[in-house]
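The two complexes that follow have subunit A in common; it is paired with subunit B in the first and with subunit C in the second.
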Partner chain A sequence: MASITPTGSAPSATGALPPGFRHRRVPGGKSWLGWILVAPGLIGLVLFIIAPLLGSLVLGFFNYTLLGGGAFTGLANFTHLFRDPQFLNSVRVTAIFVAVYTPLNLALSLAMALWLKSWVAGKAALRVIFLIPALSPIVVNAVIFRLLLQQNGAINETLAGIGVSPIPWLSDGNWAMVAIIMVSLWQSFGYNMIILGAGLDSISPDVIAASRIDGAGPLRRLRSITLPLLSPALFFTTVLTVIGAWQVFIQVYIMTGGGPGQSTETIMMYLYATGFTFNQLGYASAIAAVLFVIIAIVTLIQLWGQKQWVHYD
Partner chain B sequence: MITPKAKVHGRTGRADRQCRISRRGRTVVAATLSVGLVAAALAGCAGGNNSSSSGMDGKTVKMFTWVGSSDEHAQWQSYIDGGKLDDPSLSVSFSGPAIGSYYTKLPTELKGSSAPCIITLQNGQLAPYASALVPLDSYAKSAGVSISSYDPSMIKQLSQGGKVYALPYDAEPMVLYYNKKLFAAAGVPDPSTNWTTSDFLAAAKATTKNGVYGFAIGQAIGAVGTWMAANGESYISNAGKSDLSSATLKSRFQWLVDLATKYKVATPLEASGGTFPDIDKFGSGQAAMFLNGTWDFLHESQQIGKDNLGVATIPSDNGKPFGSIAGTGYAVTKTCSDKTAAFKAIAAMTSAKSQQFVAKSRSQVPARADSLAAWQSSVGAQPAAVVKALTEHSQNLPAATNANQINTLFTQYEVDAFSGKSSVSEVLQQVAAGAGQ
Partner chain C sequence: MIDPQAEVSLATRRAAAVTQPRRSRQRRLRPWLRALNSTVAWCVGIVFAFPLIWTFFTALKPGNEVFGQHFSFIGSQILWSNFADAWNAINFGRLLANSLIIALISTLLTLLVSTLTAFAFSRVRFRGRNGLFVLFLLTLTLPSEIAIIPLYLGFNAVDLTDTWTALILPGLFGAFGTFLLRQFMLQIPVEFEEAARIDGASTLRILVSIIVPLVRPALSVLAIFAFLGSWNGFLWPLIILNTASKWTIPLGLAGFSTMTGTQWQLLMAGCILTVAPVIIVVAISQRQLVAAIGAGAFGGR
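Let's turn to the complex of A and B:
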């Protein structure tokens, strides 16, 4: 890390440098160079990630309000969380969202990536078109979907045109969750599609050709060649999608506000309402800390589990 | 990693080197963390708002309010322009989010390093923010401003513990807006100031046709509270305690649900994050009637045309008009570095000259009796008669101390009453449970 010789020009056995080469002095010694180079990122990490995280964790031990200050309450916020039916409901709602949305997202992204890998006219343009929802602000997507899904909105009007009864997208709890999952898929499948597409592009055509010569059909090639070689990209997208799913907020905030009832009130939605509508910042910080732990545990399980199915060779 | 130093000191072992490097690494990481935490702490201090010019930009007073549209921007500018008629040196800048997220952002704004000198508060919203505001009584006395010049019901709603925390710029009754064209097409006469709930229902039924509904229901518990107030009822005690088991609250809520599910004269409410479906439906001609304050007069005139816009009293069971007054006031923050200048700005923006100016230009009902004539000449005889009837028999709507929490929960749960999943009693029980009552 601290070597300052030109690449491939290691010092000779005697320690002498080739003519014209000499050591440049780095203030504070060579080993500091790396740290100096890393420092901007490290300071940013501390300032914008670690310090707020620690601050939030500390607030979790206080009965804190923005305008009223706070008093130290120890573990009271955390112990209350596990008796709070609204919080427990929000964990259940978020877990359902993660369990349904994640596989649907990955299946859709993979299907689209495989389709665009095959012979399709104008596939470069199609890739861009499918990426547009991911590039547009989620607030805009959520507002448009809300208008489309209203009782007398375009989707129900279209369904009525083909004889299908109106669907209570935003007035029934189950359908409201379906609506949230729909807009989430619309928003993010394009991003995963691009990553998986890049993973597919990196698979050697020779391997595919060899499998064809060996008589493997399309399904066998997919199961035994493509998916194993795509597994690093699939793992990456799975981890990021799961983390994002646990933090789902904006589409819920815009489309349903957590309703009807609490049927779409995710952990982030409950956290926001607790902190900024009910002004209980200490309790909201405790929710944030628990959410962080949930995501950390799920991610660690995924990292541990990758040994079983991810192939890096 | 091979360092020249390790080569020179040949006896330095690998473990020692690693140990030394590790120590260095730890030192650097610790130093970086320290720098970061100190910087964060400093940033936190900056957020503590100790600046000597807090809330001021030179001579300009900073105001935080809701500015969700060009129309709202024009409204605030009107009050400033009107204030300049009273005090030509007045200089106020303003910014803020849409009303839907104003109160959730307000605490953060008050705690931040750029906290304003002036904020705006609707009636019923004082309690959560009073601790960050200064009482205005002494400033008014020093400046020679008479509190009694303002509408007493608004002053009462903007006071706490016997102290006035905000001066109102408007005092506006809740009214029923109706679409004259849709009424005429359905053969329904214009409502009188003594019309009853039955008259209203008949009008709603008659105007419900061709994809248009007779009435648009507003979200949140305020929509129920307005119907209650029109009948002289309230579910909130004078101490600010909500009684969510109130029989009258249940029956009025049930009646609103019935409008959608039994009489089919309104669309059922759906889940939504902070929108105003009633305003949207009326403004786009999809509903013939809805409820709102007179502050919406100009906006609705622009939406469906001034000649097409009718204003009526909110019907009551016995036909006697009964109004509930709502409005907004300006308050001064504790962190403001020049509270005298801030109060002076408020006094100018709520002066008779300013309110008369805004009453004429924007049709908002002023909070001063000496400015009402200007408003009446601006809106015409019919709306003026309605407001007169309502203000002659009006009450101060007490506000719940946990109004934001109740409203959020009610907005979430009321959808289940409209869809038939829960009864109104169950909805109110769920709201009460969520609010810890």
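Let's turn to the complex of A and C:
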């Protein structure tokens, strides 16, 4: 322990180590050791996440079926895709879902996160209630809503009590879309509420107190202080909510099967049917590739747009 | 859980309250307003919980009263036997055993892989570490469900479709766990590790005896997420498993729900049996879950 390093930058324990070690912030780390430690995670990531995703892009250029194998068909799948009315419909349906569901989800979770900042008895228990659907199987949530939304189900019965005639939730195209959006909101807004709540908690009370002293009212405070400070969390939840929304599948599969007609057939529903019901795996991969590109473009637009409204400290 | 920063800010607020007595009084809601606020919030909570409440009461109704003439929670009799009937009709015992085994294996393997990776990223310096970390970071935003077809073809090529191996493997490598654990590991002072090293401990020994015990809270939260991820999974099991005896609970419920002449009361009993463990876990670990979702947010799902 006697040797004192001339630079003086690495005091205490490193004194006992050979001179070469003091350049490492964490002593003893050999390069191969790090690679061995990350190897399982890295191999898994490449094999089961990255490679399949790239594979999706490549397979789109083949005319692939499970038994028949594949032949390279170039852009044929893609040119066919852009003239396929069922695919174009699924893009429209999914885009409508994303456009309605995302703002509603964020508005609801933000409102609830703000509300739970006020004085509410039994706040923890309320949070549990809001979080349960987010952590339950989507299949269960969708099955429950299918019961509630039957023609003579509990929701129509309740509406009848206030004089509203029965709504054809699952047998009318537009109402079926409303039903899918409802169950999706119920399912997932609790998760975003917690993230935004954590964002609100991280805002320094001093800033709020200062604005109060300066005479800012509640609305002014929300607009000029809280929302700008919360914008990184809002941005993060928006991006992830949009990515998830483009892939909506289970609710539709359980509640409507894409119907009535094709009014709720989302891109993932069409992909699933094409690939696994009709065994056109190459064509389904082309759908996957287009969906991937759509999500990438939407995400990039948001990344670019964040400069306009997201404030980092 | 006393946070020194919170203490300080509390003191600042008290100081502010002393200098600004009038405004501070305005800020605190009056008792009746508090009661009103709580009541309204709980009304919203109850409306939100209504689907689950209704599910529970439907599970206790006779089959021909699920859609009653009148809106009523309770039927002509309360049939606890529906739960036993559902257990048999959906083959719930088998599904439960399958789901439990699969979720436990998935959880253990996820913890193992994430711990090793997070340890390398937080405590071991090696060439290429930063680039690799960015790669992990990027995969968090990848829409993974899109990749199911090549994934299916890959397992088909090695003759592993309709096996639990193929069901479990792809779910183990999400980068969420790595990020969560890395965040916690970075907070452990280097001195702990240096002291152990001077005592002659190897790197693996340090990981097992020092790091892992210190990040145990994060590990238990990650375990909950990994378990629920496996417990709730649907699309991949739907594609990869054919044989009904290998199915998990969501597959069994979905299969039962699409059978003609759905027996809603049994289906709802099955739903309650599935959600009950989730409710218990969430209720018990509410605080840790909320903290982890908040903390993991910027590297999370």
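Here is the rule we use: the second predicted complex is superposed on the first by the 272 of 313 C-alpha atoms of A that agree within 3 Å, B and C clash if a C-alpha of one lies under 4 Å from a C-alpha of the other, contacts with A are read in each partner's own complex, and residues count from 1 in each chain.
Here is the rule we go by: a residue touches a chain if its C-beta (ideal position, glycine included) is under 8 Å from a C-beta of that chain, and two chains touch if they have at least 3 such contacts.
The structure displayed is predicted, hence computed values, not measured ones.
A.B. asks: Clash or fit: subunit B and subunit C on subunit A?
C.D. replies: On the shared subunit A, the partners clash.
A.B. asks: In the three-chain superposition, say which chain, subunit B or subunit C, touches more residues of subunit A.
C.D. replies: The partner that reaches more residues of subunit A in the superposed model: C.
A.B. asks: Does the superposition put A:35 against subunit B (first), subunit C (second), both, or neither?
C.D. replies: both
A.B. asks: Applying the document's definition of touch, where does A:53 land relative to subunit B and subunit C: first, second, both, or neither?
C.D. replies: After superposition on chain A, A:53 lies in contact with subunit C alone.
A.B. asks: Go through the superposed model and pick first if A:239 touches only subunit B, second if only subunit C, both, or neither.
C.D. replies: second
A.B. asks: Scan A:135 for contacts with subunit B and subunit C and give back first, second, both or neither.
C.D. replies: So A:135 only meets subunit C here.
A.B. asks: In the overlay, answer first, second, both or neither for which of subunit B and subunit C A:276 touches.
C.D. replies: In the superposition, A:276 touches subunit B and subunit C alike.
A.B. asks: Looking at A:66, would you say it contacts subunit B, subunit C, both, or neither? Reply first, second, both or neither.
C.D. replies: After superposing on A, A:66 lies in contact with both subunit B and subunit C.
A.B. asks: Would you check which partner chain A:152 touches, where first means subunit B only, second means subunit C only, and both and neither mean what they say?
C.D. replies: both
A.B. asks: In the overlaid three-chain picture, which partner chain does A:186 touch, first (subunit B) or second (subunit C), both, or neither?
C.D. replies: It touches subunit C, and subunit B stays clear.
A.B. asks: Which one hits subunit B, of these parts of subunit C: 114-122, 186-194, 258-266 or 276-284?
C.D. replies: Residues of subunit C that clash with subunit B lie in 258-266.
A.B. asks: Quick check on my understanding: which residues of subunit A belong to both its subunit B contact set and its subunit C contact set?
C.D. replies: The answer is residues 30-32, 35, 42, 45, 50-52, 55, 66, 146, 150, 152, 253-254, 276 of subunit A.
A.B. asks: Please give the residue numbers of subunit B that touch subunit A in the complex, ascending.
C.D. replies: It is residues 1-4, 7, 21, 24-25, 28-29, 32-33, 35-37, 39-40, 43-44, 103-105, 107-108, 110-111, 128-129, 131-132, 267-275, 404-405, 408, 411-413, 415-416, 418-419, 421-422, 430, 433-434 of subunit B that touch subunit A.
A.B. asks: Using the touch definition from the top, list the residues of subunit A that touch subunit B in their complex.
C.D. replies: 1-3, 15, 23, 30-32, 35, 39, 42-43, 45-47, 50-52, 55, 65-68, 85-86, 146, 150-152, 168-173, 176, 252-262, 264-265, 273, 276-279
A.B. asks: Which bits of subunit A are touching subunit C when the two form their complex?
C.D. replies: For this pair, the touching residues of subunit A are 12-14, 16, 24-35, 37-38, 40-42, 44-45, 48-53, 55-56, 59, 64, 66, 115-116, 118-122, 124, 126-133, 135-141, 143-148, 150, 152-154, 157-158, 161, 186, 191, 194-195, 197-199, 201, 204-206, 209, 212-213, 232-233, 236-237, 239-240, 243, 246-247, 249-250, 253-254, 268, 271-272, 275-276, 281, 284-285, 288, 291-292, 295, 299.
A.B. asks: Flag every residue of subunit C that touches subunit A in the complex, lowest number first.
C.D. replies: Those residues of subunit C that touch subunit A are 9, 12-13, 16, 20, 23, 27, 29, 34-35, 37-38, 41-42, 45, 48-49, 51-52, 54-55, 58, 66-67, 70-71, 112-114, 116-117, 119-121, 123-129, 132, 135-136, 139, 141-154, 156, 169-170, 172-175, 178, 190-191, 193-195, 197-198, 203, 228, 231-232, 234-235, 239, 249-250, 253-254, 257, 264, 267-268, 271, 274-275, 278-279, 281-283, 286-287, 289-291, 293-295, 297-298, 300-301.
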